[in-house]
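By letter and in written order, the chains are A, B, C, D, E and F; residue numbering begins at 1 in each of them.
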Amino acid sequence: MSDIWLSTLITSTPQTGYDLAIKLSRMAVKMTQPDADIREKLRPGYAGNAADLIAISHIVAINFQTVSAANGYWDVDTASMT
Amino acid sequence: MSDIWLSTLITSTPQTGYDLAIKLSRMAVKMTQPDADIREKLRPGYAGNAADLIAISHIVAINFQTVSAANGYWDVDTASMT
Amino acid sequence: MSDIWLSTLITSTPQTGYDLAIKLSRMAVKMTQPDADIREKLRPGYAGNAADLIAISHIVAINFQTVSAANGYWDVDTASMT
Amino acid sequence: MSDIWLSTLITSTPQTGYDLAIKLSRMAVKMTQPDADIREKLRPGYAGNAADLIAISHIVAINFQTVSAANGYWDVDTASMT
Amino acid sequence: MSDIWLSTLITSTPQTGYDLAIKLSRMAVKMTQPDADIREKLRPGYAGNAADLIAISHIVAINFQTVSAANGYWDVDTASMT
Amino acid sequence: MSDIWLSTLITSTPQTGYDLAIKLSRMAVKMTQPDADIREKLRPGYAGNAADLIAISHIVAINFQTVSAANGYWDVDTASMT
């Protein structure tokens, strides 16, 4: 895992920020279970399980919070922190 | 998923911000399980399950936190960040 | 759900802010399961289940965080953000 | 529940703030299950169950975050927000 | 529980802050289950259970967030809040 | 555990910050279950279990939030807090 996969938290739009949040959510799983075959075998299980899907959305929400803050919520004029 | 579905976090009112929080919560599920048929089949299960409904409300709460911060809590005069 | 149910996050006291946090927690459930009869049937189950009650309190805690921040923690003199 | 039980988030010390975080965590349970007898019957179950105890500590942690922020972390000289 | 166990959130280093986060996580359990014997009997169960260990780490993460903010992330020059 | 393992929250890049978030997530588990053999025996279980992997990613997300804030989101020009 010496590849550079996260050089910045800055994205051009909220939507690409959301994509980054999903990437951040998946990367911890990859690092804990580096075997791609095992991860692939787990996929049908969680992708067809409501509780797992909800849990994944939960993590994305937290990472999206981080990415949104890093980007000043993409609109500095109306953002809360100005 | 190349459509633009999230161009801004800014909404005109807290209530439309809450609607956006729900949208954000659902989108991660869509991206993890892109098959609409499977998602539709899961719906009766979680919509009739208290624990799942509570878990969904949990995610909405986190996303609403993000949207609220992005909007300066919709009332800059009394918001905490001024 | 075209009714206005959330026009502001501002409340006069922490306690009414807590009430709003409970309302926010319930609304996501209503929107996911719009059928009031089904929700009512679920109530005895979760209201008598420790894990569900704990999970509900968890969501209220997150929403209360949002409402508290929106209100400057109701006491600007000693609040952290001044 | 017309009693005033939360007039302020300000406490004199971190420890009394922690006590308030516990109170906040319990109050949502009370409001969802107002029947004290039912709550009392649930107590031995969760108080002897590791997962439930952990879940309760989780909520206290979130509420303590709110109370700590409201109090400027009780030490404005070194707090992050000054 | 009239002892003073939390007089400040300020610690000298991130690591002692992390220790404090662990203490904060445990204290809510102690207050909910004051009987040390019962807590001790629960220990082998959760200490040998991956899901419980993960859940404990989760709480520590939240409390560490609070302690870190209280300490200005221990490095005011580069901290985000300056 | 008298070793120094956490002297700073500052990292040079978001990616090394993410690595630190993973380290923070694991350390609480180590402190709760200090026996490395037991932890090693638990590994195949959680590393092959979707719900556990998701739960681990959840903790990393929270710790990454803390590390990101500590580092000013690694880009002060566009960060929300400037």
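Just so it is clear, contacts are C-beta pairs under 8 Å (C-beta built on N, C-alpha and C of every residue); 3 or more make two chains touch, one makes a residue touch a chain.
Note that the structure is predicted; figures quoted are calculated from it, not measured.
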{"item": "Steps needed, at minimum, to go from chain B to chain D via contacts", "value": "2"}
{"item": "Chain F reached from chain C - shortest hop count over touching chains", "value": "3"}
{"item": "Reference chain B; chain at largest CA-centroid distance", "value": "E"}
{"item": "Furthest chain, CA centroid comparison against chain C", "value": "F"}
{"item": "Interchain centroid distance [CA atoms averaged], chain B/chain F, Å", "value": "26"}
{"item": "Interchain centroid distance [CA atoms averaged], chain B/chain E, Å", "value": "30"}
{"item": "Two or more partner chains touched - positions in chain E", "value": "46, 49, 51, 55-56, 58, 62, 65, 69, 73, 79, 81"}
{"item": "Category of the chain touch graph - line, ring, star, complete, other", "value": "ring"}
{"item": "Direction chain F, origin chain A - full chain order round the ring", "value": "A, F, E, D, C, B"}
{"item": "Residue ranges of chain B touching chain A (in the complex, touch as defined)", "value": "4-10, 24-29, 31-33, 38, 42, 45-46, 49, 51-52, 55-56, 58-59, 62-63, 65-66, 68-73, 79, 81"}
{"item": "Parts of chain E lying in touch with chain F, wherever the complex brings them together", "value": "13-15, 18, 22, 46-51, 53-58, 60-62, 64-65, 68-69, 73-75, 78-81"}
